[in-house]
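I'd like to ask some things about the structure below.
Chain lettering (A, B, C and D) follows the sequence in which the chains are written, and residue indices restart at 1 in each chain.
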Amino acid sequence: MVSTTSLLDFFLETRNYSETLCKPLKTEDYVVQPIVDVSPPKWHLGHTTWFFEDFILKKHKPGYQEYNKQYAFVFNSYYESMGARVVRTDRGNLSRPTVDEIYAYRKYVTAELRELLSDSDTISSELEKLVEIGIHHEKQHQELLLTDIKYILGNNPLLPAYAESYQENTADQENTQWISIEEGVYEIGHQGEGFCYDNELSRHKVYLHDFKISSSLVSNAEYLQFIEAGGYEDALLWHSEGWAWVNENQIKAPQYWHLEDGEWMNYTLAGYKKLNLETPVTHISYYEAFAYAQWRGLRLPTEFEWEVAQEHFNWGQRWEWTESAYLPYPGYEKEPGALGEYNGKFMVSQKTLRGGSTATSPNHTRATYRNFFHPHLRWQFTGIRLAE
Amino acid sequence: MVSTTSLLDFFLETRNYSETLCKPLKTEDYVVQPIVDVSPPKWHLGHTTWFFEDFILKKHKPGYQEYNKQYAFVFNSYYESMGARVVRTDRGNLSRPTVDEIYAYRKYVTAELRELLSDSDTISSELEKLVEIGIHHEKQHQELLLTDIKYILGNNPLLPAYAESYQENTADQENTQWISIEEGVYEIGHQGEGFCYDNELSRHKVYLHDFKISSSLVSNAEYLQFIEAGGYEDALLWHSEGWAWVNENQIKAPQYWHLEDGEWMNYTLAGYKKLNLETPVTHISYYEAFAYAQWRGLRLPTEFEWEVAQEHFNWGQRWEWTESAYLPYPGYEKEPGALGEYNGKFMVSQKTLRGGSTATSPNHTRATYRNFFHPHLRWQFTGIRLAE
Amino acid sequence: MVSTTSLLDFFLETRNYSETLCKPLKTEDYVVQPIVDVSPPKWHLGHTTWFFEDFILKKHKPGYQEYNKQYAFVFNSYYESMGARVVRTDRGNLSRPTVDEIYAYRKYVTAELRELLSDSDTISSELEKLVEIGIHHEKQHQELLLTDIKYILGNNPLLPAYAESYQENTADQENTQWISIEEGVYEIGHQGEGFCYDNELSRHKVYLHDFKISSSLVSNAEYLQFIEAGGYEDALLWHSEGWAWVNENQIKAPQYWHLEDGEWMNYTLAGYKKLNLETPVTHISYYEAFAYAQWRGLRLPTEFEWEVAQEHFNWGQRWEWTESAYLPYPGYEKEPGALGEYNGKFMVSQKTLRGGSTATSPNHTRATYRNFFHPHLRWQFTGIRLAE
Amino acid sequence: MVSTTSLLDFFLETRNYSETLCKPLKTEDYVVQPIVDVSPPKWHLGHTTWFFEDFILKKHKPGYQEYNKQYAFVFNSYYESMGARVVRTDRGNLSRPTVDEIYAYRKYVTAELRELLSDSDTISSELEKLVEIGIHHEKQHQELLLTDIKYILGNNPLLPAYAESYQENTADQENTQWISIEEGVYEIGHQGEGFCYDNELSRHKVYLHDFKISSSLVSNAEYLQFIEAGGYEDALLWHSEGWAWVNENQIKAPQYWHLEDGEWMNYTLAGYKKLNLETPVTHISYYEAFAYAQWRGLRLPTEFEWEVAQEHFNWGQRWEWTESAYLPYPGYEKEPGALGEYNGKFMVSQKTLRGGSTATSPNHTRATYRNFFHPHLRWQFTGIRLAE
């Protein structure tokens, strides 16, 4: 448990924060799903609630009354056949339950958990662990809420701002320095009492060769040089499947960049603006991160290099693509049952990202945290740190 | 012009009716697009408004101020590139403009037209014709509004009713009689002063051989016999491409029918109900209408047979699939300019439907009216009338 | 029956002609299937043979020994599951049976039929009719053989000729004249004793309005003017789905035309040549035929107009797209059983073509013959005749 | 260089072996391409020849006359536009050049190289290295030749044998033993003078934790137990994308297995046979290898574990899926120029396989050799070795 707050407070604060994030939305913004990777905000609000109901309340609160049996079907992430009735369940097609109905569902489930967690004598360590997972599950969805909202508004022809005061960058990039790490055996993975996901275990040894890593992220100005030097037209810089992706999707710049009358514009959560050259480049795929590094004659760090070196630089503005594939650590064991599906079943064909981003919820990420996405995805606040 | 009402009244009544149809909707229902054939209700409300603004106000009202330049892009039916900004414009992905913003747009455009039409001295015959087209265009979208709402709600796992009082059938089917029409030369197509579309012209002669046509539509009870006799499993009853469609889409019954625990249930605008056996079958594709007729040893009428025979039976509950392809009449001339794209460019690969449906707006259809859809589509209130 | 030759001679001559057509091929040319509409030549040779075996020998020749049970599966046009063994059956993936094996199969079946047909006393009228259908079926495949060979060689980077002496055009176009036909009732469809397909029946009356039809086909020179005038870039000339087809497939000219260094080249069965401007344009889709006619301010004839007018002009060089959809005639009755699937099940979403082409086999087509293809297809020797 | 033979002999022996492998083929077998992963045998024969011509003869043999300029286009692995002529270049659609023409091309290029390599004084070390790469490139294609031929014949409804004497298994599986390897730092990657690919370098250190690895491969009998225990129906055993693959492709057993009348049959290069239970399971995807290991409560080894342990067991019958992703080693450097595209550009989204297979050419593989395929592919002779 996070030490400075009680489990109940941590729970309530988290529940509340999801709703705070949605304050700037119009009802219509809660509903749409422009691409399969993006979920409608109302689905995030319902799904995180269903998670608490299904894994905790139904099993651990005596006499709990399920809110609505059909919600399990709507808010489960897994789409199995509903049986006799043949209906569509793509998230972006569901106008019902309405946003108001989902807020009522949240209120009900939050109140039930508040009741369950009020008496600390009845909180078993199993229950505590489940609640912690539920909280961190909702925190993960908070980041997705923001990135999905950005996609929804940033691909609308009217390009409306989410919140004009929103700062996508919380720190200027310091002057770049190369940090040297010496060859040797290092320990990797979570240790200690605090919460972590199963994919951060077990702590184990790796051998690293000498390497250098940059203290700063690649900036928009630096990335623009790559574009202007023809980086998107030079097949030799790209992986074979990255090159196919560039050509099929006519990729010419990071997501949300638009070249209007010779000037680079950028959609941010604060609205449609002139591109800020000083801030770290974001919304680039792994393919682009790799090609950029190739062009510079450098490379991306592995996730092990990153974890060993990270105490020497600031991180947290961008999810940093690593060269590592997302694979199990030695001694990895899945949680038993349905929770075991949380991480392990995605351990193929994805790349690991390290750090955290401007959209990551407070008290969520850490130095051993492993995020993962397919190499073509760009709608998260991804970024590039170079190594050599 | 419809003789019993002024152009302005007809216009205002039509504008008002679109909004009345949407009264039972939640905001979220206005937004989604589950399949490409269905448009979000808010798009229908905006598109019909844009039609009046673009074809009439901009050209015929001196000093007219365009409401919002970007709306032309959002509500045009044609998706061309927006130029420098690369954004998605699939209707179902657009949360903005909001429903409230669209109602404000409607109000503005309606008021401007009211002003334009208030002084009958300034209404040229060209303007009158354009307004009539705009009114009938909106009436067509009113029918689509209802069928699209039905699709949106009827494919939601919660199966909410649109309006519990909604009657999908306005008349019982009388006892079936076979009406005989004699061989000879007949005239087809619109004549007289009233409004018609260009595809109903020119009036021309056709030669019909002796035929009989049923006075009633095929009922759910009759169609159920086809299902129970294995109609969906007998390739010989189907067109080659119909059979492929049945198998690829696992079609086993009309749309909105569900077999639950051995009982046939049916989603209607009034909610999810036991199937009413007495009412005319609906939501079937042309392929199904054809296969049903084959199974009965009968056939569908041509659109010419239908038009000649129609005064001998009641019609208007279902759009009746005909055996005819949707093709130009002899002497057909497209309207000049953009309005010319209204009908002519669809005259390939579609089937003609005749009559009208329970969802057709008042004062819209007539005996010479030609509706058209691709042969696989089922979300309209389609039906079957047999001939031999 | 064709009167000037016996059934057996007609049969043997037809069988022989298929093999003559394949004489210029290399073994490899028999095997490939570049697009789904094209079949490998060896498949045509096997399929036409299987047709005689399955519909005639097995049922009508006492003691007939099936050549190879598995061939029924390979050469049937219908791909059903083979049961326990899961294998691919796309025609272009099958290297076996080899070309030699198929010629052996042809020899065997031809010899069996020769024996069956040698004794005219044993030829029932049912058998005679089946043999006639088998012969005309093979003649249809002879035309496909040539067009499929053209596609196979004409899409190979080496652009090899089929036969340098092959003449794709057997007659120069005369000077164009407009033939006028008077309004009235006309009879359409086959009559008399000779062979026809079921889709040419029953003979029936149609009412035609006054029309004019061109005595000649549109030439390459004329079509080139359409290209140079920007016909492929003007959306208003095209059907909606035709325009989508042009854009998705980047269509800029008829199939087999290539613009090399500013000069129009053309692949013909005689090889890759400078475009001959005098010959009738060919390998155009219905969409292109329609758009060309629109651009000229004219239209395509209906199939009824064509049939009535055809005795006033030469035809047979190009399959002429008509404005008519391929639909059943009044009183149309399918053949019973599997032969009934020959024509009727394709009577939706296709256009009728009339006449015949340079690739049509001798003694095959006639004035009432109805060919049919989907509107986007171009690999047949299609052409354009205008009406107004 | 392999020490026991001269470069020229090694070259000639390799060239000859490709042709020996094709001896059992019919001409038609050389032509088809049933799936995109499989290439037509004639393409392999031409492409390996083009490689020698393009990378060696054109640059290193004074006065070399290119055999046919168009062959570069046909036999290059990269499909760029041919410029003015728009033609299809999918390998399986090309009937020309014919098999005979390709053998003539081989003969010409082999003779030219024989001449070039005959005078050892003129063989620079750069040339020697290029010839070695060309030889190993052809050896890789020899394995593909066999697996592609197996796919072509094994998916033909006639299921013809490639060669009845072909033995897919060269050794019985010994009794399984668990080999234990101790924790520590190990060296990985190629060292010494012999040939290796760039992806085997640089030799570097890794830290391995204690592990055990099986001395034998999983047999058909063992895999059958997994099938019979419902392994293909239990989502919990599979990666998320593996489960989707199983369901979309209706996978129920390894490729080439057929359940006929309750008996498991197996297509092998020696023909269609009763399944041999004793031999190592093959033609399984990484997804299946992983799910099988999960079901056993075990796991796949990493490629580093495999390389360290490999001297304690026999290998070479099956390409063994590892848990490792195919990624660059520390200090990896691509070859400059076009040869640099050989390996590096595939280092994303693929899994490493180690060992070699019954189809691997002699003198080709080694303990540090890294093969790689996408996780869903099964047409290679893949297999499973377990670790824990």
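Quick note on the criterion: a contact is a pair of C-beta atoms (placed from the backbone, for glycine too) under 8 Å apart; a residue touches a chain by one contact, two chains touch by 3 or more.
Only a predicted model underlies this, so the values are computations on that prediction, with no experimental measurement involved.
Both chain B and chain C are touched by no common chain.
Note on connectivity: the fewest chain-to-chain touch steps from chain A to chain C number 2.
Chain C and chain D, compared by their mean Cα positions, are separated by 44 Å. If you average the Cα atoms of chain B and of chain D, the two centres end up 57 Å apart. If you average the Cα atoms of chain A and of chain D, the two centres end up 37 Å apart. Chain contacts: chain D has no residue touching two or more partner chains. The part of chain B that touches chain A in the complex is made up of residues 26-34, 42, 70, 73-74, 82, 84-90, 92-99, 152-153, 155-160, 258-261, 265.
Interface residues of chain B, counted against chain C in their complex, comprise 185, 204-207, 209, 211, 236, 238-243, 286-287, 290, 299, 323-325, 327-328, 330-331, 340-341, 345-349, 351, 375.
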